[in-house]
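Report on the structure given below.
Order of writing sets the chain letters: A, B, C and D. Residues in each chain are counted from 1.
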Amino acid sequence: MNPKLMLDIFKTSLLARRFEARVIQMAMAGELPGSLHAGAGQEVCQIAAITAMNKDDYILYGHRGVAYMIARGTSLTAILADIAGKEGATSRGKGGVMHVVDVPHGILGESGTLGGGFVISVGVGMALKRRYPGRVVTYFFGDGTSNRGTFHESLNWAAVQKLPCIYFCENNGYAVSVPTSTSTAVPDISARAAGYGVPGVVVDGNDAAAVYEVMQKAVERARAGHGPTLIEAKVTRLFGHYIADQQTYRPDAATVIATKDPLPKLQQTLVNAGVLNDTLLAQLEADAQRQIEEAVATVKAAPLLAPETALQDLYA
Amino acid sequence: MSVITYSKAINQALAEEMERDENVILYGQDVAVWGGIFKVTEGLRDRFGPERVFDSPISENVMVGAGVGAAMMGLRPVVELQFADFIFTAGDEVFLKAGMWRFMHGGAYKVPLVIRAPSGGSGFGPEHSACPEAFIMHAPGLLCAVPSTPADAKGLLKEAIRLDNPVVYFEHKLLYAMRGEVPDGEYTTPFGKAVVRREGDALTIVAWQDMLRRTLAAANRLSKDGIEVEVIDPRTLNPFDRETIIESVKKTGACMVVEEAYRTLGVGAEIGALLLEHALPYLDKPFKRLAIPDVPLPTSQHLVNFIVPSEEDIYKAVKELVA
Amino acid sequence: MNPKLMLDIFKTSLLARRFEARVIQMAMAGELPGSLHAGAGQEVCQIAAITAMNKDDYILYGHRGVAYMIARGTSLTAILADIAGKEGATSRGKGGVMHVVDVPHGILGESGTLGGGFVISVGVGMALKRRYPGRVVTYFFGDGTSNRGTFHESLNWAAVQKLPCIYFCENNGYAVSVPTSTSTAVPDISARAAGYGVPGVVVDGNDAAAVYEVMQKAVERARAGHGPTLIEAKVTRLFGHYIADQQTYRPDAATVIATKDPLPKLQQTLVNAGVLNDTLLAQLEADAQRQIEEAVATVKAAPLLAPETALQDLYA
Amino acid sequence: MSVITYSKAINQALAEEMERDENVILYGQDVAVWGGIFKVTEGLRDRFGPERVFDSPISENVMVGAGVGAAMMGLRPVVELQFADFIFTAGDEVFLKAGMWRFMHGGAYKVPLVIRAPSGGSGFGPEHSACPEAFIMHAPGLLCAVPSTPADAKGLLKEAIRLDNPVVYFEHKLLYAMRGEVPDGEYTTPFGKAVVRREGDALTIVAWQDMLRRTLAAANRLSKDGIEVEVIDPRTLNPFDRETIIESVKKTGACMVVEEAYRTLGVGAEIGALLLEHALPYLDKPFKRLAIPDVPLPTSQHLVNFIVPSEEDIYKAVKELVA
């Protein structure tokens, strides 16, 4: 894989990681509502997958972090405004960080009930096939979410109608406190592809190049009208399910952070490949910091959404 | 004017709107090749092709949820659930996705989706016979139509397809064969405008669909006894034309609601509360609700007959109220 | 397989076929409500499967015919009373022919919304495991029904908890008018077993011995605490979806009846095996007729259920 | 008497009933190893073992549907949905299976199932914040509890577990930390008996859960102004103690309902209709409903505050009504 692209993935992952850390810090300080589900550990995978899509493709996402939106080009200010309930919030105070939406950047939103994205994505696929042939939609979802009935109904439907839908499962081994083995009859979610006659692929989600590659294939297949692919990326949730989660149920929580973080690994790969060095790294960190602080300042200065917006946006 | 059936009126509305706008698509179980289990969609697949009219898997969650997704992206899907009761089978998608997806995302897109839901009827059993309109009326974000005549079936469906919001459109199974006059040429029926089906001064009755039919029959009998009731057909439950009902009750001083929903928190409850809020000084008789006595609909016809308000029940109830 | 058992299966299948024919005749004559979904063509399969279960096991069934109940020992009178809404109806007028229930014979009922039996059966399995270890529950469902989300949620749950649940799919190639190929992404429903780590088996549903055998294995597995099996029997729906269905969508409807009926085939097998001859056949036919006419007479004489039963049985 | 939190009261009820009857089982996402996302079920798995207290897959349809199946066969399952809104995700299983399976099969078995549904609260967004009790109240076959104090939380849950019918038990998230007195020793709280939380003559207010708390606070302020309102807590919505409300209104002559359901066809609608039917001659002031103005609950706290009735809203509304 092209080192330039890898460097882009690293850059965006770094920005997402730093931004999230800043949000968590502000939440702990009581400056923001604390409902974030940290994406730390999964950003590289999410961003690598999105990098394999075109700008006019679409995504639906789960609750795990905000790297998806950053990768697609949504401004940090907009995301932060969503979290803070300020003017500029993409969902205008209705959805908070869980329902960031940015149609021009192909971000179609999130279902608060897990697995709602499956059914929405089928409809998006139906519309793309008829109105924008060649475009695709990817739904990112967790291993736990794959046990919803909507997974089954939707993958069957997309497969039989050969819709341009990609199913991207981030298997981090947990649904909140419940390990996948307690809740799920097969170790590999991708094994389920067999029930729908579509390719099922496992990939190491910490390997950006590998993720990019399997995603590229899935996108091509969907664009060509051959229907969905079920991709399963094995990833690690570095932190708790949400900010306050002490992970008492996860004895290895501490070592996970030290050993399973894909970001240093990707950094090393790039250094070895000769496209990253200390100077550039320092510059990327500084860039990230600058963007983040600009967003923080802008949103701090922005007014709260007018309370009456609560009554708006229900009907067109 | 031509005289057609309620089901033909629905078929015409679909055909005209599909003709007018290529973004209108239609799907559901058995709607395409077979023309629907109630034969409402006959001929549409042949006319508009299998890309726009297609049979779906038995996957109610996707049927409705994909409708939301497709609507967001510029299609105008019309989804047929085989039975209105299946709004619960697709509960998440009807109430949380169709009803809330736009709101939850700050109005980022429109959701021009129509869910056709055949309701009522009998002999089909507890999960195939309900009139679940009160559930929809309570839910934010879902418009709701309850057409009672072929003319309204056509006009309201055409309007529903053109509206940019999700609509649950209840078609009553016992009305499919009802014949009635339908205007010639292009027309739509606006949402939120009740119609007075019969004028009177003794009492206001609010009823729709099969209960309206029974009410009008009872009203004829009552008229022979010298009692003239005013009968209001709300036509849509969201938006709900509160004014027409309140104005009528201010004139008649009394109100009865006849419906096929379960009695507790049926549509009649909203009307009762409304009158108490806005018409108290005008009311001189107790309010009355004829409805299903808070049990599911059984399968056996004679058991159904025992619990669904009949023409006779309506007649007697009015007699008692105005006595 | 034991010819005695095969003969029993034949006998019950014949009774079910003749009973159903009588019901259809009465329905056409307006003497009964006409809501039956004929099981003709699938009885042999249904009965062979049930024969492999014990008397104290349980079943949940779909809408296709009444052979299940006859095989379990429910009286024809009770079934007919259900259809007619008469005193003696097992569901007391509430469910009609769709919801015949007979707990002492292990018949737990039917979900009017297709696939409701999946979720109920998981709960039954949970209760059996705790309260009656060694007993099993089988849910009979159609190919179309396998596209409901409940299929997926339930098979995963039963598999991960190793519940004594058996999933028996009668694949007759149609869901009302819709051929399986239009609605379903894989030709074999049993392929879906791979997504749950359970055995998936295809069997010729017209071969009673084969059905009995695969079912026996599944039952053993479930009894032993190893969890579910997904069995798919390829069967033929001889008639329309329901009584009035003219099958305009099914060009081969006429030839199907002539060529795909398992009953003559089973009859021939038994004749060849020397356990059936013309005399015995005549006697079985006469027996069936007698039982049926007795039931018809009893139910004709029975009073209609009191209208007030409409208000009963909701709350315990 | 000891003073414990609402969530501890629920925990105690579960523990006591599991101790008493080995057929009581408890499952849901995160309820076992972790003790529940709201920490309500802490310690129960250790005490009763993983066969009786277990974590479930994210499969709401099975969670509720298996509860029905297990209940039919003699277990007494308590299922925790993580959020009350998920009754729609399991819509078929809640409304059609739990509500109707027994009826549909002529009473062949009992369905002693309890669905615990954490409702209300804020900051969770449109699909995690609703109080969908009116949907349940309209549905046949589902009992419904809305406990407002630790004592009732415990007593009603113990009763729910012992009842032979399915119960949807709403636990309000904002009450989990509320402390209150709970009787020592064994007790249960009967369904269908409202309680008068405060006596008065100016007006009857019906409220429960967090709205009751706000109403009682407003009532204190009103009392200082010389206005004594009567406050009724229905405790269960099915069965619903209509008599206590009617009797109170006959005394006070006016009624207001404060609730967190959507306004149209919220529980207040049923109360309004009821009064119009049974207390018309006694009513001398219009009826009033304070409720959510028919929009979903947004995520941002200050937007939520704008639409959920506050102590101040209640205070002002009473002032206007009795003026």
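Everything that follows uses one rule, which is that a contact is a pair of C-beta atoms (placed from the backbone, for glycine too) under 8 Å apart; a residue touches a chain by one contact, two chains touch by 3 or more.
Only a predicted model underlies this, so the values are computations on that prediction, with no experimental measurement involved.
Set against the Cα centre of subunit A, the chain with the most distant centre is C. Taking A-D and C-D together, the chain pair joined by more C-beta contacts is C-D. Remark: subunit B and subunit C have CA centroids separated by 36 Å (rounded to whole angstrom). Subunit B and subunit D have Cα centroids lying 30 Å from one another. Here the spacing of subunit C and subunit D, counted between their Cα centres, is 41 Å. Contacts with at least two other chains are made by residues 56-57, 59, 61, 85-86, 88-89, 92, 96, 103-104, 125-127, 140-141, 295-296 of subunit D. Residue positions of subunit A touching 2 or more other chains, listed in rising order: 89, 91, 93-95, 99, 111-113, 147-150, 153, 156-157, 160, 182-184, 314. Across the complex, subunit A meets subunit D through its residues 33, 35, 85, 89, 91, 93-96, 98-99, 111-115, 144-145, 147-149, 175-178, 182-184, 248-249, 304-305, 307-311, 314.
Note for the complex: subunit A touches subunit B at residues 89-95, 99, 101, 103, 108-109, 111-113, 116, 118-128, 130-131, 149-150, 153-154, 156-157, 160, 312-316. Residues of subunit B that touch subunit C in their complex: 29-30, 33-34, 37, 55-61, 85-86, 88-89, 123-128, 293, 295-296, 298-307. Remark: subunit D residues 85-92, 94-96, 99-100, 103-104, 125-127, 134-135, 137-141, 238, 240, 261-262, 264-278, 280, 283, 285-289, 294-296 touch subunit B in the complex. Taken in their complex, subunit C has these residues touching subunit A: 147-153, 155-157, 159-160, 182-186, 191-198.
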